[in-house]
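Look for chain A in each of the two complexes below; its partner is chain B in the first and chain C in the second.
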Partner chain A sequence: MTLETGMQELLMEFLKTLPINIIIIILSAALGLLFAVLLTFVRLKRIPVISQLADLYVSFARSVPGLILLFIAYFGIPKVLPLIGLGTYDISPMHAAIISMGFYHSGYISEVFRPAYLAVEKSQHEAADSLGYTPMQKFFRIILPQMVPVALPGYGNALVYLIHDTSLIFAIGIVDIMGTAELSIARSYGTNQILIYFIIALMFSAMCFTTDGLVRKLEKRVAIR
Partner chain B sequence: MFDLAASYEMFLGILGVLPETLLIAITILVLSTLLGVVLALIQQYKIPVLVQLTKLFKLFLRGTPMVVFLYLMYYALPAIGQFIVTLLGIDYNMNNMSPLVILIVTVSLTLSAFQSEIIRGSFLAVDPGQIEAAQSLGYSFSQTFTRIVAPQAFVHAIPDFANSFTVAIKATSLGFLITVIDIFAQAKIMAAQNFRFVEAFMMVALIYWGIGILITKFSDRYENDVRIK
Partner chain C sequence: MHISYNQKEVLKGINLSVEKGEVVSFIGPSGTGKTTLLKCINYLEKPQQGEIQIGDLHLNYQSLSKQDILKLRRKTAMVFQMFNIFKHKTVIQNVMDAQIAVQKKSKNEAYAMSLKQLENVGLKDKINEYPSRLSGGQLQRVGIARGLALEPELILFDEPTSALDPELVEEVLKVIEDVAKSGMTTLLVTHEMDFAKRISDKVVFMENGHIVEVGTPEQIFEKSVNVRTRQFLKKIYAEQDQQKLNIKGG
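Let's turn to the complex of A and B:
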C-alpha cells in the first residue's frame, strides 16, 4: 500500500466518524442552552435556596476541567440511578458525553446570558410595565430582542469552546475522530502521527470556523440599527 | 456506594500532588506572560512578517482544541528540537524529551495568545491623559512607563491574569494523556487501584473547585488593595 492510498483511506475513516462528533456537539449544545436558560432564570429571579444552589453550580462548572465532568458523568450516573429508583443501567459513553458536555457548556453560557439580561436598561422594563405588558409579553417583545445582540458574541465563543471540549470525549472510549486517530496510529505502529493530528486539527478548525461564521452572520442580522 | 473513608484517603493522596500541579501552572503562567508580552509588542508595532505569523498562530489556536495541539506537539516537538540541535551542531538526543516539558510548552503557547490580548487591552485602558500629565511633568519615556503606565495597566490585568491561572491549572489535567502526573492523573491512578472512580473524581473536582474559589477571592482582594480609590 502506497502512502497516498493509505492517506486517502485514513481520511475516509475520519470522515466516517466525524458525524459522531457533530451529533455530540449539537445535542450537548441544545442541552446546554436549555439548562442555561433555566439556570439564568433561577439566578436572576433570586428564589431563595435554589438561586444559591444555581450560583454554586455555575462556579463549580466553571472551575472544574471538562475532562473531570466527563468522567464523573460516565462513572457516577450508573451509581446515582439506583438511588432514585431507576434500577442499575450502564450508561453509554455517548450519553455520558452529551450530558457532561451539555452541563459544562451551560455553566459557561449562563454567565453570558446573565450579563446580557442585566445590560438591558431598567427604563425599558419600566416602559413596558407602564404600557401594561404582561411579564411574558415584556420578556419576549422588549427584553429578549435587546438581549440577543449583546449575548451573541459571547455565545459564539462558548460554542467554539464546546467544540474544543468535545475533542476530549475519546477519553471515555468513544471512537470519534480522536479515537480513530489513536486506533490508526496503533495499527500503523506509530508512524505519521504528526500528519494524522494535523488533519484532525484542520477538521476541528473547519467546524469551529463554520460555527464562527454562522454566529457572525446571525449577529449582523440581529444588530440594533 | 459512596465510601467516605476511602474518599478522605483519596483526598489526601491527591492533595500530595497539588504542589507539583501548582508549580506547573505557575511556570506556564510566567512563560505565557513573557511570550504574551512579545506577541503584544509585535502586534502593537506591526513588525512585518512576525505580525502575520502571530495572526496565523492565533487563527490556528482558535480552531484547534488543546488536546489535538498537545498530541501534535508530543510527536512534533522532539523532531523540531532535534532539527534545531543538529543545526547548532550539538550532539544531543532530543527524543527523550520529558512529557512535562512538552505539556508546559504546549499550554504556554496556547495561553500566550490570550495573555497578549489581556496585556494589550490593559495597556490601552490606561487613560492617555496620564501619559500626557507625566510628560508635562518632565518624566522620561522609561520613567513614564515604569512609574505611570505599567502600574495602572497591571491593576487592569489582575482579574484576567487570575482567570488565566485557572485556565492553566485546568489545562494541566490534559497532562495524563501524555503521562504527566498532576492531580487529575493522580486521581485516575488511585481510582484504578480500587475501582472507586466516582469518589476519586469527586474529590479531585472538589480540589479544582476549591482552587478556583481561592484564586478568585485572592485576586479580588488584591485588586481592591492595589486599586486607587
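Let's turn to the complex of A and C:
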C-alpha cells in the first residue's frame, strides 16, 4: 500500500464518519435550544421552587464537565428509567450523546438568553403594554427582536463549545471521527498519530468556522440600526 | 385610588373626574406621584384599590381580569418622558405595529393611518428612518403619532418635554397643543407652567400623593389662596428666572 492510497482511504473513512458528528451536533443543538428556552422562561418567571430548581440545574449543567455528563447519561439512564417505572431498556450511545450534550448546551445558552432578555429596557415593555399588546404579542414583536442581536454572539460561542465537546463521544463507543482516529492510530501502532490528530483538528476547525460564519451572517441581518 | 411600594404609600386616595374633551394638567414637586398616577390609569402601575371609569368602561382595580387590563390600555395612549420608541423598528413601523397587532388592521390600513398621523406631527420625510437617527424632539413626536394612531379616548403625557434639549421643546409643545385642541381628552404632567396655563381647562396641583388643589388655570396660577400651591409656584418661577439669567449671562 502506497502512502498516497493509504492517505486517501483514511480520508474516506473520516468523511464517512463525519455525518455522525454533524447529526449529534445538530440534534443536541436543537434539543439544547428547546430546553434552554423553557429553562429561561421558568427562571425569568420567578415561580417559587420551580425557578430555583431551574437555576440549580443551570449551575449544575455548566459546572460538570461534558464527559461526566456523557457517562451519567449513558450508564445512568438505563438504571434510572426502571426506578421511575418507565420499563427497562438500554439507551443507545447516540441517544445518550444527544441527550447529555443537549442538556449540557442548554445550561450554557440559558445563561446567554437570560441576560439578553434582561438587557431589553423596561421602557420597551412599558411602551408595548401601554399600547395594549398581549404578553405574547409583546414578546414576539418587541422583546425577542431586541434580544436576538444581544444573544447571538454568546450563542455562537456556545455552539462552538458544543462542537468541541462532541470530540468526547467516542468515549462511550461511538465511532465518529475521533473514534475513527483512535482505531486508525491503533492499527498503525501510533506511527501516524500526529498526522491524524492534525486532520481531526482541521475537521473540527472547519465545523466551527462554518458555524461562526453563519452566526456572523445572522448577526449582520438582525443588527439594530 | 391608592398605591404603595414596600408599604410606603405613594398615592393616598386620589379622586378626580375629567370630562370628555377636557385638557387637564398635573403640576407638583418631584416625587409627588404624578407619574404613578398616570401609570395607574393604564395599569402600568397596579393600585391596591380604587375604581376607574372611562366612557362606558367601569372597572375596579381589585378585580381586574387580563381582558379588563387590555381594554383599559386600549382606550388610553401614553406618551413617555423618555419617548420609549421601539428601537428595532423604523418610524412608520413604530406607528403601524400596534394597529396591526392590537387592532388587527390590515397593513395597508395601518400604513395609511400612520402616514396621516406622522404627517400631522411633521415627520413625513422621516418615516423610514430608524430611531437612532432621530433627535429627541422627533422621537417624542413619533411617540405622539403612535399613540394617536390607535384612536384612544384618552391620551396621557408624562413630562413629554423634560428630557429634551431646550431648543427642541417648542416643536413638541406645538404638537401637544394641536392634540389638546383637537378635542382629545388629555392628561398632561408637566413642569412647563406657561404651557399648562395656556392650554389647560383644569389644573391639578399635587403634593405627597395627594391632590392639593384643582381649578382653572387662572384659579391655580393667579388666584390661589392655598399656601402650598403658592409656595410651589414661587419656587418654580424663581428657578425659571434663574435659568433665564444663566442663559443671558452665558
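One rule holds in what follows: the second predicted complex is superposed on the first by the 225 of 225 C-alpha atoms of A that agree within 3 Å, B and C clash if a C-alpha of one lies under 4 Å from a C-alpha of the other, contacts with A are read in each partner's own complex, and residues count from 1 in each chain.
The rule we apply is simple: a contact is a pair of C-beta atoms (placed from the backbone, for glycine too) under 8 Å apart; a residue touches a chain by one contact, two chains touch by 3 or more.
Note that the coordinates shown come from a computational prediction; the quantities given were computed from them, not determined experimentally.
In the overlay built on the shared chain, the residue A:126 is in contact with chain C alone; chain B does not reach it. Looking at the shared chain after the overlay, A:142 reaches chain C, while chain B stays out of its contact range.
Applying the stated contact rule after C-alpha superposition, one finds that A:59 touches chain B and leaves chain C untouched.
In the superposed model, A:89 makes contact with neither chain B nor chain C.
Of the two partner chains, chain B is the only one touched by A:200; chain C is not. Of the two partner chains placed by the overlay, only chain C lies in contact with A:134; chain B stays clear of it.
In the superposed model, B is the one of chain B and chain C that contacts more residues of chain A. Chain A uses no single residue to touch chain B in one structure and chain C in the other.
Only residues 123-124, 126-134, 137, 141-142, 145-146, 224-225 of chain A touch chain C when the two sit together in their complex. Those residues of chain B lying in contact with chain A across their complex are 1-2, 60, 62-69, 71-72, 75-76, 79, 166, 170-171, 173-174, 177, 184, 188, 197-198, 201-202, 204-205, 208-209, 211-213.
Within the complex formed with chain B, the chain A residues making contact are 59-60, 62-65, 67-69, 71-72, 75-76, 79, 83, 160, 163-168, 171, 178, 181, 193-194, 197-198, 200-201, 204-206, 208-209, 212. Listing the residues of chain C that touch chain A in their complex gives 42, 44, 70, 73-74, 76-78, 80, 82, 84-88, 97-98, 101-102, 130, 132-133, 146-147, 150.
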